[in-house]
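By letter and in written order, the chains are A, B, C and D; residue numbering begins at 1 in each of them.
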């Protein structure tokens, strides 16, 4: 497979995630934050408050404590960091938690609906979707974070009613690819709801192998290409 | 928070507003105008007639009297300046009045509908939306302006039936951020109308705190990022 | 009003029309043609067959006889030139006839519907819309052209069922501005049909003044800005 | 007709196909593959696994055996190459087989619907559309390929339920033009389904001549323009 062609640090890969998703419209102007658990004690690398995803650079990212205190970094972080903390604590495998208000997911969120498993790539979320259908306001303290983690459960793709989306991955690469896929699933579902045509979900017996395929060999193909094209266009993301 | 990194004059900030909103599609080719009340006597800084929002520069802006006479500036202004004058007179806190025909707001305008408060950012318009459901033709004199100001009342986000939108802010920064949010709200609402799915408006008890959050600490984050990216791409806007 | 700042020949203005409309998506890949009546004997300046609207230059345009024979120019013209000839003959004031398959007009064409007069700019087509609801195949000879001109009548904005659109103007500037407006009207109407919400057409008593306003003082504001921005980006169009 | 102006090898033309279609959104990130039968024994030129269509160069393409073994080339190919092999074997005239998950075709695929023949260019698919309405999982071996070829039959435009699209042409040029047209047809049909307005399909007596016109003289006009514009912007595609 064509290689990425460059060694990237965690910070650089996380900066790339921000720009790749912004390029897909997976953001609402300056909203959204991503956390990467970098340590078993709950330390996270996260987005700086006030830098749009379109303009994040590696050096903008902040290292924060499990309670959201900035340990390292030039900027503050969002007070809504607690949207992430409970999930990281409850699920050690959930190393990367992406949150934003991408258009099509937000549209489903206004209707309180989940995306459907109607095309192949969607199978990567088979059995791993959740609708948090109670809007409790912003997630601004640890208790709210615990409540949210409980509502999210084992899901990797989450619609937060009247709010937006959470996408979870075991790595930065996986979280990026899943996020890109999640919003496309939401767009397909929203457009099918509009048509009120019956949709054809993929049969359960086919889902497991597709889920595995999309969680393994497709991942590098996605990430390498997305990053190669990003770096050709916006090399300053690595700074 | 990452700073803007440059000192801007009022004219420069107003020129940025035009280009940022044009970049979002908040315009119908050469239509639309913005006024900024710069003095208690009703003097306004405003858009030049015949310059598209996409190409406005700081030096293009005109200073006009409360009756729309050009006091300073190279160009004429739109005869529809009276769409703004009555509002400025009736509401001293409404320093900035933005008018155009952005697509999604105009779509709701053809249906005579208001956007709904179905996602967090929309709360910045909680209790501050108005539908002017009577189309009286163009607003070409002071009397029409007074009539319109009365119909607008205390609202900050307005749908003008069969016409377009008005968005009002206390500052250029606020009017920009609200305008960007308003058209996205209209798009979400129009798409939900189409789906005829029940939508979930945010409960009244959560709205006040969200409204405050979006009216305060989110504002600089929006403006600084939007202007930084604009200046990197179109520095001539400041001329 | 900010001037265009450059003198353009007829050929250069017609080349600009092609590129401005292509930039708005008023084309289906290489389809479409425009004619400008340059003489009372029916001689026309027209688009070259095989040059996409996105890449037309002034020197690509062809001078053709009333029967579509190329009098001057490097390229052939479309055999569907007869779509234009009957209209020019029947209506001497219809100096410019634009034909293509822009997406939203074509969508209405598949439904056999006309756009509605639901927002201000649409009034420029008040009393001047026609649906040609009989699909007769391609317009490949003079007789078919006469039949079509009869079906078009006095209209300036035409939906050709199962085919596309015709927009007519007295000048290149007017035909450009009307074309841009026509496709936006079609998009608004199609989206309102989808919502099946009742729409609010502009009342007859307001239409005449709006129609006049959009046919006069708005025209230069549209054209000058559209051409200034085009020339800044694609100056080779004038060659 | 304006010429292409450059001689291209098969590899270069196939690389152009990838980039032209990616530019139209006829791809889902890194998904999709194209095969060109280059020999009667079943040898094919095909897309490299792991290179997005947006970044393919001529030197990336792989020569593979009828069983998908790479004979020449730097990269692996997709295990889903068998989606192509059965079709090439069953239909010698089907020299080029394009597969991807373009948005609008995929939307119809989730509904199990075919695009309609409601506008002129769609006639190039008259009598040549097929819906494969049984989802059998990925096409990963020769038997699955034979089953699929049987389901596709003589069609040139195919919706694969819950999956995506196949478009077939006798040449690289034809497959490109048909693919571009196919997704537009799907978009028109999906939008008309949403409106639930009756649509007007083109009458059978007009289809044959339109089909012929679009399969002959329109082809070079499409290809030459699309490639000229691609090469002006991304000349590295030829490397």
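Here is the rule we go by: a residue touches a chain if its C-beta (ideal position, glycine included) is under 8 Å from a C-beta of that chain, and two chains touch if they have at least 3 such contacts.
All figures in this text were calculated on a predicted structure; none of them were measured in a lab.
Enquirer: Out of curiosity, which chains are bumping into both subunit B and subunit C?
Expert: Touching subunit B as well as subunit C, we find no chain at all.
Enquirer: Hop across touching chains from subunit B and tell me the fewest hops that reach subunit D.
Expert: The least step count works out to 2.
Enquirer: At the place where copies subunit C and subunit D touch, is the share of residue numbers found on both sides over half (same) or under half (different)?
Expert: different
Enquirer: If I superpose subunit A onto subunit B using their CA atoms, what angle of rotation comes out, to the nearest 5 degrees?
Expert: So the copies are related by a turn of 90 degrees.
Enquirer: Could you put a whole-Å number on the gap between the CA centroids of subunit A and subunit D?
Expert: Using C-alpha averages as centres, the distance is 32 Å.
Enquirer: List the centre-to-centre spacing of subunit A and subunit C in whole Å, with centres computed as mean CA coordinates.
Expert: The separation of the two C-alpha centroids amounts to 45 Å.
Enquirer: If a residue has to touch 2 or more other chains to count, which residues of subunit C qualify?
Expert: Residues 194 of subunit C touch two or more partner chains.
Enquirer: If you connect every pair of chains that touch, what shape comes out? Choose line, ring, star, complete or other.
Expert: Topology of the interface graph: a ring, with each chain touching two neighbours.
Enquirer: Can you give me every chain pair that touches, using the contact definition above?
Expert: A-B, A-D, B-C, C-D
Enquirer: Under the touch definition given earlier, write down the residues of subunit D that touch subunit C in their complex.
Expert: Residues in contact with subunit C: 1-2, 116, 118-121, 177, 180, 184, 187-188, 191-192, 194-195, 197-203, 206, 209-210, 213, 218, 220-222, 224-226, 228-229.
Enquirer: Which of the residues in subunit C come into contact with subunit D in the complex?
Expert: 28-31, 48-52, 54-55, 60, 75-76, 101, 103, 106-107, 109-113, 135-138, 161-164, 190, 193-194
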